[in-house]
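Structures are listed in the sections that come next.
Here come two complexes built around chain A, the first alongside chain B, the second alongside chain C.
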Partner chain A sequence: MTQRTDPYRDRYAARTAGMTGSEIRALFEVLDRPEVISLAGGNTYTDIVAERVVECVAEALSHVGERDDPLQYGKGGGLLPLREHLVDLMATEDVEADPHHIVITDGAQQALHLLAEIFIDPGDIVLTEAPTYVGALDAFASFQADVRGIAMDDDGITPDGLERALVALRDEGRRAKFLYLVPTFQNPSGVTLHPDRREPIVDICRREDLLIVEDNPYAQVRFEGDAVTPMRTIAPDQVIYVGTLSKVFSPGIRIGWVLAPEPVRDRLVLAKEAANLCSSPFTQRVAEAYLSSPHLQADLELVRKTYHDRRDAMLDALHAHFPPAARPRVPGGGLFLWVRLPEPLDTKAMLARALEAGVAYVPGTAFFPVKRDGRRCIRLNFSYPSIEDIEEGMRRLGAVVSDELDLARHLDA
Partner chain B sequence: MARVAVVSGGRSLERRDSLRSGHHVQAALAALGHDAVELDVDEGLATQLTEVDATFIALHGRDGEDGTIQSICEALGVPYTGSGPAACELCYTKPLAKGMLDRAGISTPDGYVVSAEAVRSMGAGASVRAAADRLGFPLICKPAAQGSALGLVVVTEAEELSAAVMTAFNYGDRVLLEHLVKGTEVAVTVVGAELEALPAVEIRTPSGVFDFHARVTPGGADLVCPAEVPADVAAATGALAVDACRTLGARDFARVDMIVTDHGPCVLEVKPCPGLTETSLLTLAVDEAGLGFDGFVRTVLGLALGRSAQSGATA
Partner chain C sequence: MTQRTDPYRDRYAARTAGMTGSEIRALFEVLDRPEVISLAGGNTYTDIVAERVVECVAEALSHVGERDDPLQYGKGGGLLPLREHLVDLMATEDVEADPHHIVITDGAQQALHLLAEIFIDPGDIVLTEAPTYVGALDAFASFQADVRGIAMDDDGITPDGLERALVALRDEGRRAKFLYLVPTFQNPSGVTLHPDRREPIVDICRREDLLIVEDNPYAQVRFEGDAVTPMRTIAPDQVIYVGTLSKVFSPGIRIGWVLAPEPVRDRLVLAKEAANLCSSPFTQRVAEAYLSSPHLQADLELVRKTYHDRRDAMLDALHAHFPPAARPRVPGGGLFLWVRLPEPLDTKAMLARALEAGVAYVPGTAFFPVKRDGRRCIRLNFSYPSIEDIEEGMRRLGAVVSDELDLARHLDA
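Up next, the complex of A and B:
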C-alpha cells in the first residue's frame, strides 16, 4: 500500500501546487501557549472598539425586515450605505471616490485574492516591493503568478528601480500585469514611499500602461508626520485602490473594499458573487453603524496614540536589550517595526530558539518573493501586545539575539 | 470502561502534531468505550492526572519523550502508556542512544557531538570542522535532542557548515554531526508486551531526506507499506527494530527509523512516543498489520493498566 502524507494530493488543481507547508506556521502552534509573548501577528488594539460593538450590533439589527435586511443575502457589490461611508473615510485620505465604484470584500485579503483571480493567468508577472505583504504573495501565488520584487530603500522603491525591472522584463519579451504597492507604512518594512517618488512612478506606469494596485491599510493609523497623497489620487484611472476597516475598526469584522474603474469593479463583483455571493450583510451593517457613530474620530485618535506609545516602548526596549548593530526602520504609523540584525544571523533558523525563550516574531524571509532574501530581518508587531509584554518580549528576544551572535562568533573563531 | 487522560500539545515545537495525535487517540479511546479527555500541559496537569485511571501520553518532543511526563506519572502512581522515564531520556538524547546501540552491535551512522558551551569556552568550533572533515560531505547536522527532524540540515559543502550548526543549536544545546547514510529510509513500528515488529513503512521524498519541510507539507512524502524491499531485508529491519528497542529499554510501542543500505539496515533513532495522527507512519503500519489504530490504542492502554494491576498485586 502506498500512501502519501496527503492521500488526496493527486486530486488537487495544479494551481495549488505552490501552497506548500510552512515550517514557520507549524512552529507557531506554540503561540497559543500562555507563556509565549507574540510580537508576530498583525492584530490591532480593539479595547475601545469592544465598548462600541454592542450598540453597533443593536443598530445593525434595527434594520431587520427593512430593505437590505442584515439577516438576509445581500448584493455582491456590498451595502450602499456602507460604501457611502467608505467614500467619506477615503475623503479624509484625499481619495475621491464614487460609491458605485466600490466592491465590499471580506477584508482586504479577499480583495487581493479577487484581483489576482480576475487579472492573473498562470505565469503572469506581478511586480511588488521587496519585501512585501505576505498575504499578497500568497494570493498571487494561488493563481500561479510569477512575482518579481523591486528592492526598497528607506523611501520605498525608486523610479529607477522600477525602470530597471521593466527593462529586464522587456529583455525577456514580457510585460507585468500590475505593480502591487503598499506605499504607506508598508507591511512589513514600515516604509512610506516618498512623496517625490510617487508621481514619477505613476508616470512610468502610465507610459507603460501598467496598472497599480495600491493597498492602503495603514494610512489611518499615522501617528507622526504629514499625510502623503495616495497613488490613487494622483492617477485615478491607473490605480486600483484596496482599503480595509481592520485597522480602523477591527480585523474580526472582516470588511475590506476595492475602489476601481467601473469595468474592473463590475468584473470584481462577478468574481465576488462566485466566491461567496456577498460579504456578510450583518457585519456590513455593524461596520456602517460604527462609521456613522460620533465616536469614530476620537477612537481613532486613541488608537493612534496607543500605537505611538507602543512603538516608542518597542524602540526603547530594542535599544536597551539588542546589540547596537540591530537596525530598526522607524515608522511614523502602521503596526510593525522592521529590524535588520547583524551577520551571520539567520532569523528563520533563530525562530525556534526565540519560541523556546517565550517570544515570537516573523522572520524576514516570509515577505520576499525569493525566500532566501530577508534572512537577517525580522518583523515585530507593536499594535497588539501591551507595553509590558513588549518590554518583556523584547528583553527575551534581545537575549536570544545576543546569545546567537556570541555563539556564531565563537563557532567561526 | 476506564477514565483516561490523553496528554498532548505541550510546550515543545512539535505541539501541532502532538495535538493531532492526542485528538486521534482520544477518538479511538471513545470508540472503544472509554471516558477519554484530552489534556494540555499546564500547572494543573499533575492534579488532573491523579483523577483518572490511566494516562495515554501523546506528547512529542520535550516533556513527552524526554522522560518528564513519565517521571510525573511514576511519582503519582498513575498508569501511563509507553516507555519509562529512563528509556525515554535515553532515546531522546541521541548521542547516548547511539552509544548504547553501538555497544550492542547495532549499526548507527558515524557521528560527533558538539555542545554550545564547548564552542564558547573550549574552542570547539575547530572540532566541528574536524568532524566534518572526518565524516565527509554531504553530512547530516541535527540537534542532539529533538524530534520531527526539527533543525536537521543536509550539509553538502564546507561553506554551509557553520550556518547548519547554528541552525541546529537553535533547537538545543548540543549538535550531532552524522555521516549521511544513503539508502532506503524506512520506519518500523514495534508494539506489544513482546515488542512485535509491524511491517516497515518506506519513506520517499523528493529530496531524499524526510526533513521538517517534507513532514509539514501535505503530500510532502510518499509512504509505502510494506516497504518495497526484499523479504530478507524486511525481516532484518524488523529484527533490528526489536533489538534496538530492547537495548534502549523501550516498552509498549516505539518507532525505529532506519536506512536500509547495501550492507544492511542502519538505525537513525528510536522514537518512544512517535506521531499518532491519522497520517502518521505508525498509523499506516498498524493498519497494514491488521491491528488498526483502535486495536493499537486498546493494546497499549491494556499494557499500561496491566502494569498497574500487577504493581497493585505486588504491593
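Up next, the complex of A and C:
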C-alpha cells in the first residue's frame, strides 16, 4: 500500500478505512519463493480433480449454442441444473433445499460479501465465533460492520456465551443483524459446534429473532466421527446457509452458493447482478458436470483419506519436532490444524523468522475481530502440502519455535 | 420480488432500496420462451470462440500443479501473464499500461461495482452520459450514488453540457466523485464521443480535478471508420480505464479489468479480495491462452465482419418494416442499434405487445438515471441473433410499432 503518498486518498468512500487486507494474503507475496514450504494457504488436494476436469469441460462445452450457453451471459441466480445438483449434494448433509431458494456465487466469499451488502448498514453489529474465518471479517469490514466475537471452547461457542453477548448488546441498546457461524470443522480452529449446543443456540436465536448465517464449507471433508446436523436443518427459516465447491471440487472454478428464504434470495440475486452480473456460466457448467460424475463419491472418499493421512502426518511431526507444551486441537475433518504455542511466544512476531527458515503459517491474530487476540496461536494447513512437505515444514517450524522459546528463557534469566 | 410480504424487510441495509433490478434482466424470464426472438440481450457472436476454446482449455490445464495452478486459489490482483497480454491488447487501442496497474475483475460489471465500492459514500454524485450503461446504474445504485445524467447528441456529451452540470453542482455546494463515460460505441446509444470533444472534456476534468472512469468494452469491435484516441491515452493520471474480454472473447468466462493509478489499483485489489477473493484462475488461464492464440486477430476480424453484416441487415429490415419516422442512430461498431420511435409511442408500455408478437427489445427508459426519460427509444442488439432472426424479429417489431401508431391515431381522431 502506498497510502501515505496517495494523491487520491481524500476521494475514497468511508468504508475503505476497513479495507486493510488480510494478513494471510499479504503473506502470499513472500510465499512465491519456491524454497518456502507453505502451511499457510487454504488450497486443496486437486490431483484427482485434475484428472476429471477434462471430461467435465468437454461436457460443459457440449452446451455451446444451447439456451444456457456456457460462453454467453447467464442469469443472476445461476444455472438451474447446477442448483438442482447442489440440492442433491446438500441432501447428503441432511439439508433440505429448493433450487429456487439458491443463488450461485463466486465461492463462499462472494456469498458472505453479498449477505453483508444487503444486511449491513455502517456500525451494524455482527456476532461471530472468535476466532473466525478471515474472509468473513474482510467482507463484513467492507460494509463497516461492528463485529463482536464470542469465545469458543473445544466444542464451539456456548449458549451461555451467546446469551451474555446478547445481554451486553441490549445494555448498549443495540441488536445484532446476524450471528455468523462456521459450525463444522471451523476455519481456523477446526472446532465443531457440539450437537448438544446446536438446538439451544437455535432456540436463543429464535427467541431473539436473530438470523444465523451458517457457513458450511467443510461438512463434505469429514474423515472421522459422525455427521452433525446442520443448523439449517434445525431451523430452516432462521438460518441462511452458505456452501462452496472449493473443498469438494476446486477453489479455482469459484463456485459457491447461498440457500436462503425466498425474499432474501431475491435480494441477493439483485445484489449479485449489480456486483458481477452472473457467476461464469462456463465454470458453472463444469461444476454441474463434476457433480453429475459417477466418480464423485469415490473421489470425495479419496480426498477425505488424503486429508486424514496428512493430518496424521502433521500431528506426528508436531509431536516429534515441537516442544511438548505446543497444544494442537485435533479436528475430525476440514483443512486446518490450530495449535496453541507456549508462553511467551508471539506468533505474529515469529513469522519473519519462520519464513527465513523456509516455512509459512498464519498467525492466530489474523482471525480475531480484535487483533490483539490469538497471539499465541497458529493455523496450519494440511490439505495442500504433500506428506513430505508437511514433515519438512513442521521440522523447520518446530526448530523456530524451540529457538524462540530458548531465546525468551535466556532473556528472562 | 415478494417485498410486500417479506418478513425480513426491516433488516435490510439502507442501500438495498436502490437495488431494484434492471428492466433488461427482468425480461430474461420471458425470453426463456423459445418462440421469442430476442433483440434485447448483450450476448455476442461466439461461434469462432467455441472452436478455439477447446485448445485454450487444454493450454490452461497444462498449468495444473504449477505455481499459478488454475484449479487453486489465485491472487486478488489476477494472473500476471494474463495482465501482460491485456497490456498488449490495450496497446492495439493506443493505451499504454503497466501490468502492475491492472486488477482482473469478473467482467466490467465487477470493475464498476468495485470502483463504486471504493469511491461512493451514500449520496455522492456521479456524472454519466444520459442514456448510459444500465449495469453501471445498478452498480452505482448499490452504493447509493446520486447519479446525474448529461444529455448527448450524435457526438456524445458536449464540453458545454459538462460545464453546465458542474456549475449546477457548484450551485448546490456539491462536487462529483467521478465522470463515467462509455465514449466509444456507447451502450445503449451507439454514440462515439467525437475526437474533437475529448481533449476539451479532459481539460475541464483536469481543471476541476474530476476523475474520469472510461468504460471501453467496444473499441475492439469497430467495423467502420478510424480508431478514436481513448480518454486514458489523453490523460493517464485523470482516467481510470475499464476493459472486458466479453466482447473480444466470451461473456461466459467473466473476465474484465481495471487499469488505474497504482494507489487506486491497490485499493481495488483489497476490495476485490473481500468481494470474491480472486477471479477464476481457470478462466483467467483460458483467457490468457486465447489472447496468446495466433488466430486472435483473424478471429476478431471475423467478429467485426459478422457484426457489420448483422447491423446492415438490421438497418435494411428497419427501413423495410418500420414507419419512416423511426430514426436509428447508425453506429460504426459495438453491439447495439438505438432507435427513436415516433410520438406518441411509449416503448415501455409497448413491450408486452412486442413479446406477445414474439420479439424482445429493451425500452429506452432502462438506461436513464431518471426513468421517465427515453420513453420514445429502444435498444436493439445485432451481435447475437442470426441475420434470419434479425429479419424476422424486425418484421415482427415493425408490425407492432405500426399497429400501436395506428391505434394512437385512431384514439386521437
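Rule of thumb we're sticking to: the second predicted complex is superposed on the first by the 401 of 413 C-alpha atoms of A that agree within 3 Å, B and C clash if a C-alpha of one lies under 4 Å from a C-alpha of the other, contacts with A are read in each partner's own complex, and residues count from 1 in each chain.
Note that contacts are C-beta pairs under 8 Å (C-beta built on N, C-alpha and C of every residue); 3 or more make two chains touch, one makes a residue touch a chain.
Given the structure is predicted, the values throughout are model-derived calculations rather than measurements.
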Examine A:H63 and indicate which partner it touches, taking first as chain B and second as chain C; both and neither are also allowed. neither
Using the superposition on chain A described above, determine whether A:R9 touches chain B (first), chain C (second), both, or neither. both
Based on the superposed arrangement, let me know which partner A:R33 touches: chain B (first), chain C (second), both, or neither? first
Would you check which partner chain A:P261 touches, where first means chain B only, second means chain C only, and both and neither mean what they say? second
With the two structures laid over each other on chain A, which partner does A:L355 touch: chain B (first), chain C (second), both, or neither? first
Should A:R311 be classified as contacting the first partner (chain B), the second (chain C), both, or neither? neither
Should A:G76 be classified as contacting the first partner (chain B), the second (chain C), both, or neither? second
Per-residue touch tally on chain A - higher for chain B or for chain C: C
Touched partner set for A:A275, first chain B, second chain C, both or neither: second
For A:D406, is the partner it touches chain B (first), chain C (second), both, or none of the two (neither)? first
Indicate the residue numbers of chain A shared between its chain B interface and its chain C interface, in ascending order. 1-3, 5-9, 20-22, 25
Per the touch rule, the chain B residues reaching chain A in their complex are 11-13, 15-16, 19, 116, 119-120, 123, 125, 128, 150-151, 162-163, 165-167, 169-171, 212-226, 279, 284, 287-288
Please name which positions on chain A make contact with chain B in the complex. 1-9, 20-23, 25-27, 29-30, 33, 35, 344, 346, 349-353, 355-356, 404, 406-408, 410-413
Show which residues of chain C lie in contact with chain A when the two form their complex. 1-3, 5-9, 11-16, 19-22, 25, 28, 32, 34, 41-44, 46, 49-50, 53-54, 57, 61, 64-65, 67, 69-76, 105-107, 109-110, 113, 117-121, 124, 135, 138-139, 141-143, 177, 211, 246, 250-254, 261-264, 266-267, 270-271, 273-283, 286, 384
